[in-house]
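Below you'll find the structures, each written out as C-alpha cells.
Okay, so chain A shows up in both of these, paired with chain B first and chain C after.
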Partner chain A sequence: MTLRTLARPWIWGFAAAALVWVLILAISNQGGGQTVSLALSLAPYLVIVGLGQMLVITAGPGNIDVSVAPIISLAGFVAVQVTATTGSVPVGILAGIGTGLAVAVVSVVAILGLSVPPIIATLAAGLIASSLTLSLADGFTAVPDDGLRRLLNLRPAGVPVLAVAVAALTALVVALLRRTTYGRSLLAVGQSRPAAERAGVPVARVIAITYLASGALAGLAGALLAAYIAPSPDLGTRYLLDSVAVVVIGGTLISGGRAVPVGIWGSALFFILLDGLVNLVGWNTAAQNLLKGGLVLFVLFLAGGGTLRNPGATTRSRRRLRPAAATTAGTSTGENSNG
Partner chain B sequence: MHVDNLPVGSHAAPPQGDRTPSPAPPVVTARRVTRTYGRTRALTGVDLDVRAGEVLGLVGHNGAGKSTLMRVLAGLEACDEGTVTVGGQEASRDVAPGTGPFRAVRMAYQETSLCPDLTVAENIWVSSRHCLPRLGWRRAASRAVARRLDEMFPSHRVAPRDRIEDLSLAQRQMVEIVRASLVDRLELLILDEPTESLGPDAARSLYAYVRRLTAQGTAVLLISHRIREVLSVADRVAVMRDGAVVAERPAAGLGEQDVLALMGAEVVEPTATPAPARAAGERPVVATLRGATGHGLHDVSITVGRGEVVGLAGLAGQGQQQVLERLWRPVRRDTTVAGTRAYVPGDRQRSGVLPLWSVAENLIVTAMRGLARYGVRRTGAEDVAVRDWVDRLAIRGGADAGMTELSGGNQQKVIVARAFASTADLVLLDDPFRGVDVHTKTDLYTLIRQEAAGGRSVVWYSSENAEMAHCDRVYVLRAGRVVAELTGAEISEERIIAVSFAESESTGAQR
Partner chain C sequence: MTNLVASALPSRAGWRRTGPAMVSAVAMVAMIAVCSSLQSEVLTVPGLALVLSTTVPLVIAAQAQMVLMAVGDIDLGIGNFVGLVTVITATKLVSSPGTGALLLLGLVAAYAVLGALIHLRRVPSLIATLGASFVWLGLGLFLLPTPGGSTPEWLASFGSWQPAGFPAPLLPILAVAALVWLLSARSSVGVRVRALGSNPVALQRAGLRPLAARVVAYAVAGGLGVLSGLVLASQTGGGDVSSASSYTLITVAAVILGGGSFAGGTAVPWGVAIGGITLGLVSVVLSLLDVPSNMQSAVQGVIVLAVLAGRVVVGKVLR
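Right, the complex of A and B next:
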C-alpha cells in the first residue's frame, strides 16, 4: 500500500521531462547538456513556489494559495529596494521572505478567524499585495544586486548553484513531512479534517503554519527571481497556475493527504523544457497555456482512475472512508477482479 | 436490548426442519460466492437463499463478512467467484446498484448513505429518481417520504424539508431506512444494524412494519448484533463465521446462547467487572462541569475523578455528546479540565479513520506528539508502541495493513488504541462500540478497566445501557439535564431505563 502510493507518482513528471528533452534534441542541434543546464537554472524558482503550494494543497479539499503570484511580484520589489538601501543581500532576501509572511498572515487571519474559504482569503490577500506592488513600482529606481545575480547565474560544471540549494530545500521538505509532528499532522488533516481534529491534531495551528510557509517560500522565490531577471509587477503572474500545475502533475493528491515533494522537480523541469520546445516550434504564449491547461486536466483525469464510466468513484473512495468492503463498484472491479 | 417485549412468533410459523426447502421461491440466491480485498479474504464461499416473504436474520462477529455479503447481494460489488441470482436472473460480473435485477434489492446502511447537505426529500430523489416524476418530483418525494415515515416511525418528527445534517443520528437512521424502502418494486430489503441508533419505540414500530412488508411477499434480510432482537423478529437465522455461512436455522426454538455458540468457539457473555464503588470525593478531580448551560445543555454539573470511569447514559441525543464536546474543548468558564485529553469518536467513518494511512500510522498519530522531541518524531519508540497495541488488541491484518482493508470492528480497535496509546489523562468515549461484536467489546471493556486502574480517567457515553455497568459512576441525561447520578450497585439497565423515560411526555413537549 505505502509502496504503491509513495513510489509511483513522481516518476511521470521526470519521464515527461525526458521525453520533451529528447524532442528538443531531435528538433534543434543545440547540445543536450546545455538544454538541461538551462532548465535547471530556471526550474528552481518554480520548485520553491511549488513546494509551498504543495503544502497548502495537502491540507485538504478547498485549500489553495492563490496569493503566490502577487507575493512574488511584491517580494521582488521589496527585496531589491531593501538590498539597495541596506547594501546587504541576506537582509534583502529576508525582507522578501518577510513580505510573503506578512501577506500570508492576512490570509491566515481571514481563513481561521473569519472562516473565509481559502481561495477567497488568499485572493483578497493577493489583491492587497498587488496594490502595494503597483504603488511601489511607480518610479522604482533601485537595481538588483549584481553579486546576487552573478551567484544565481553561476553554473559550475553546468549545474546551477541555486538548483543544488533548492534540491537541499526539497530534501528538507521531505524530511519535514516524514519526520516531524507538523508534517504528519498536515497529512492527517488533509486526509480527514474531523478525524485529525478528534485525534488531537491542532488543526488550526497546522493550517496557519502551512499558509505561512507557502507565503514565505513565495517571498523567497520573488526575492531571487527579481535579482535573476528584474523586479516587475508581472514577475509572479505565470507562477500561480504553474505552481498548482507542477504540484498536481508531480503526484500530490489534489484532494489532500498525500504530498510528493520530489515530483515537483520532475514536473517543473517538464514545464520549463516544454516552454523551450514550444518556443522552438514557434507557438505563441496562448497556445502554450492551452497545452499546459490540457495537461493538468489530463493528469487529474488519470489521477481520478481514468474511468469515464464512474468519474466520481475514486475521489470519493479516497475522501470518504468506508470499511474495506466499501470501494465503489467502478474502482473495485478494476483493482480486484483478477483475485 | 430494545425489543424484548416484542411478541415472539406473532408472524407466520417458520417451516419445520431447516433443510426442507420453503414453498416460497428464493428472491436472491448466492452460490459459492468469494470476495477478496487485498490480503483480506472477506468471503470464502457463501451459499445463501433469501425467500420471498421471510425475515432472514444474519448474525456473525465483526469481520465475519456480513457487510461484504450484503454489498454483493445488493449489487454494489461483484463477487470474485460464484454466482448471485436475483429474481431468477443471474447477475453479471459488471454490476452496478440499481441496475438490472438489482433494482428490486434495496439496502439501508448502518453508516447512512444520505447526503448531509441535501434535504430529506432530495435524498429520496437521489436514490429513487427512477420512480419519481420528472416535474414536481420534490412534492412527490416529500409526500412519499412523509407518508412512509408516519407508517414506519409514528414519532419521527422529521420534515421532508429538513437537511440531513440537522437531524439526530436516530432520525438519520429512520430516513435511511425509509429511503431504502421507497421504491416502486421491492423484493428484498436489507437492513444493516437498523436499530443501533434507534430508540426502543422506533425499533418496535420498524419491526411491526417489517412484518407488514413480509406479509406482502417482500423478503427482509436483517443484520444485527442484538441477537435477542434477531431471534424475536426473524423466521430463519443464518450464522456467518470467517467469510462463510456456517449455519442456517429456523429462529423458533433457538436461544441466544445457541446462536452465540454457532458464531464462535468460545462463548463470552459480556460480564460486568464489579466496579469498585469508591466515592468520587476520595479521588483528585480531573475535570468538572459547573452548571454548564447552552448548546443543548441546561445546568449540567459533572465531576470526573482520577482513575474513574464515568458514564453518560440516557436516550440518544439528550446532551451526552455536548458534555463530551465541552470536555474535549474546555473553552468556556464553566468547564475545567486538568491534564491532556484524547477522544474516541463513535462515527469512525467521518471522524475516525485516516484512509490513506496504514494501521500503524493511524494508531500512532495521537501518541506521536507525546513521544516526539522538539517536534521531531522518534520512530523507534513509535514502532514499539504500535507493536504493543496491535498485539494487545489482536488487530487483524497487523500494523502494515491499509486502514481501509480492515473490517469495521478492527478499525474501531485501532481508533480506541489511538486514544489509549497516548499519554492523555482523560479519555472521552463517544459511543464507540456501536456495531462492534461481543468479543471485541469484551476486550475493550477490559482495556478500559485496566487503564482506569492505571490512573486514567474515562468519560464514556454509550447508547447501550448494559455497557454502563462497567462504569464507577453514571450520569443519566435527559433533554440536556442530569436527571440522575448512579453509583456502583445502583447502576443497572433497568434503573437507567426507568430514569431515562420518566416524565418523557413533558420533555417531548420541550424539544
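Right, the complex of A and C next:
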C-alpha cells in the first residue's frame, strides 16, 4: 500500500477533529490539552463500537449491524448486575461481552441459516435484546462498580487509561486485518463475494466471525459505558447512527472491501469534540443535531466521489450478491418497457 | 446455473413476486384470527377500525421506504422525518396554515434535493439519509422541544371519521397502496424508477436520465412521508419529533416482509401494505394477550424472523 492511497481515506476525520478543536480553543481561550484529554476519555467507547461496525461494513454491500445500540444497553445492565452479584469486575465485563455474543448468534443464525438480509436479521435480534433490556430495567437496583469507574476515569498525565487500551485494540484490529487469514478473507469477501467463494474462502465462517466480533465489541462497550455513566435502556441509542457515521467518515468503504481502523479515531474525536463545542457555545440539542447532520452531509457531499472511487461499484456488486433476484427484477422491468 | 434459473423463470418469477407477500398475508390473517378469538368484537367494523388505525401511518411510511428501496437505496431518516412532519403539523399548520403547507412542500423538495445530491455526488444513500435524519431531528426539536401542540380541525375530524359501512383506516391504506401501485407499475415514471434500481447502466443507454428517476423517487418518498406524518398527527392529536423514530427500521422490515429486496428494481406496494399491517398489529395482539408491553419489540423481531423463515421453507417446498 502506498502512502497516497493510505493517506487519503482517514485524513478527513482527523482534519475535521482538528478544525473543531481549534474552534473550541478560540472560543474558550483555555488550555487545549484539557479538551483533548476529555475527548480522549469519551471517544474510546465510540471507537470500540465503531471497530465492530467497521468489520461488518467491510464484509460487503448490505452488511450492517443495527443491533449495536440494543446490545450496548442490554450488556450494560447485565455487566452491572453480574459485577454486583459476583463482586468481580472482569466477570462482569465478560458477561457483557457474552451478552453481545449471544445476541449476535441470533443474527448469525438468521443471516446464514434463513438467508435473511443482515439489516433485518440484526434488527430482529436487536428488538429481542431491547425487550430483555426493558424487562431487566424494571426494578433494577444494582449500582456500577466503583473501582471500575475510577479506572475508567484515571488519566495519568492527561491520557486516559482506556484510550491507551483502545488504541492497542485498534492496533490489534489493524494487525488482524493485515496479517491474519481471517482479515485477508474478510477483505476478499467484501471486495467480491463470488470471487472469494470461488477462491475457496469459507465465506459463511468469515461472515459469522465478523458479526460475532461486532456483537462482542458492542457488549464490551456497553459493559464499560454502564460503569462509566450508569446503566439505562437508552444507553446505546445514539451509538447506532454514530457508529455507522464514524466508520464511513473514517474512510472505510461503505460498499465493503476496504477497512480503515485508524480513521475511526479521527471521526470519533470529531464527533466528541463537536458535542463539546456545541455545549461550550451553549446551543441546545436541536442545534447540536442540526450541526451534526449538516456536517455529516457536508463532508459526505464534499468528499463525494472520493469516498466511492469506483462509481457504481455498490449497485453492481450488490446485484452479484443475489443473482437470481436481480434476474427476476431485470426481466420484469424488461417486460414492462417492451409492453 | 444462471441458465437453469432463467429457463425456470415463468413460475419462479411469479412466485418471487407474490410468494413473500403471501407468507406475510398468512401471518396477518393469523394475527387477526388471534385477535378475534380473544375479543370477538374485533371482527366488527368499529373493532377493525380501532385495530387497524394504529397501523396506517406505519404502512404509509413503509410505502415511502419501498419507493426508495425500489431504486436500490435505503432511507434511514424516515422515522425522524415523519416525526418532523407531525411537529410542523402540530405547530405551524395550526397557527398559519399557509406557512405550514409551504413548509411541508419544502420538506418534499428537500427530499428531492437530497436524492439529486446523492445521485450527483455518488454517495451511499445509507449514510446520506442517516445524516439527514440528524437534520430532521434537529429541526423538529427546534420547532417543538417537548411533545405537544394541537392538530388542525380538518385533520382531527379525519382522524375521528367513522363511516358506517367499512373500517375507516382501510381507506388510506388501500388508497395509498393503489396510488403507489399505479405510479410504480402502470406509469412510465415507475418503470424508469424500477429500472434505475435494477440496471442503471441500461437506463442511461436507453437515453433516459437516471438523475430524473432518482429525484422523482425521492420526491415521492418525501410526499408519502409527509402523508404518514399527517395521519400520525391526526391520531395522536399533537406533534412529537421522536414519536415515529421506530419507523426507520420497522419500515425496512415491512418492505422485506412484503417481498421487496435490497437489490432494488422491485416495487411491491400491496405486499408492503400487508407487511406493515402485520408488524403494526403486534402491539394490538400483545395487549389483547395481556403480554407486558416490554415484550412488544421482541415479538416483532420474532415475527419478522418467523415470516422470513416461513418464506425460506415455502420456497424450498415449491422448488
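General remarks:
One rule holds for everything that comes next: the second predicted complex is superposed on the first by the 290 of 339 C-alpha atoms of A that agree within 3 Å, B and C clash if a C-alpha of one lies under 4 Å from a C-alpha of the other, contacts with A are read in each partner's own complex, and residues count from 1 in each chain.
The rule is simple: contacts are C-beta pairs under 8 Å (C-beta built on N, C-alpha and C of every residue); 3 or more make two chains touch, one makes a residue touch a chain.
Remember, it's a predicted structure, so these values are computed and weren't measured experimentally.
Touch criterion met: A:188 reaches chain B, while chain C stays clear of it.
In the superposed pair of complexes, A:119 makes contact with chain C only, with no contact to chain B.
When the two complexes are superposed, the chain touching more residues of chain A, out of chain B and chain C, is C. Within the superposed three-chain model, A:284 lies in touch with chain C and out of touch with chain B [touch as defined at top]. Of the two partner chains, chain C is the only one that A:248 touches; chain B does not reach it.
Shared-chain residue A:200: touches chain B; no touch with chain C.
Judged by the touch definition given at the top, the superposed model places A:296 against chain C, while chain B stays out of reach. When the shared chain is aligned, no partner comes close enough to touch A:15: not chain B, not chain C. Taken together, the two complexes place residues 318-319, 321-329, 332-333, 336-337 of chain A in contact with chain B and also with chain C.
On the side of chain A, the complex with chain C involves touching residues 62, 64, 66, 110, 114-117, 119-121, 123-128, 130-132, 134-135, 138, 241, 244-245, 248, 254-255, 284-294, 296-297, 300-301, 303-305, 307-308, 311-312, 314-315, 318-319, 321-333, 336-337. Residues 1-2, 5, 179-182, 184-185, 187-188, 191-192, 194-201, 253, 257-258, 318-329, 332-333, 336-337, 339 of chain A touch chain B in their complex.
Here chain B touches chain A in the complex through residues 36-38, 40, 42, 67-68, 71, 76-78, 80, 93-97, 111, 341-345, 349-358, 361, 365-366, 368-369, 372, 375-377, 379, 400-408, 411, 418, 422, 424, going by the rule given at the top. The touching residues of chain C, when paired with chain A in their complex, are 2, 5-6, 9, 12-13, 16-17, 72, 74, 76, 117, 121-124, 126-128, 130-142, 145, 185, 191, 194-195, 197-201, 206, 249, 252-253, 256, 261-266, 292, 294-302, 304-305, 308-309, 312.
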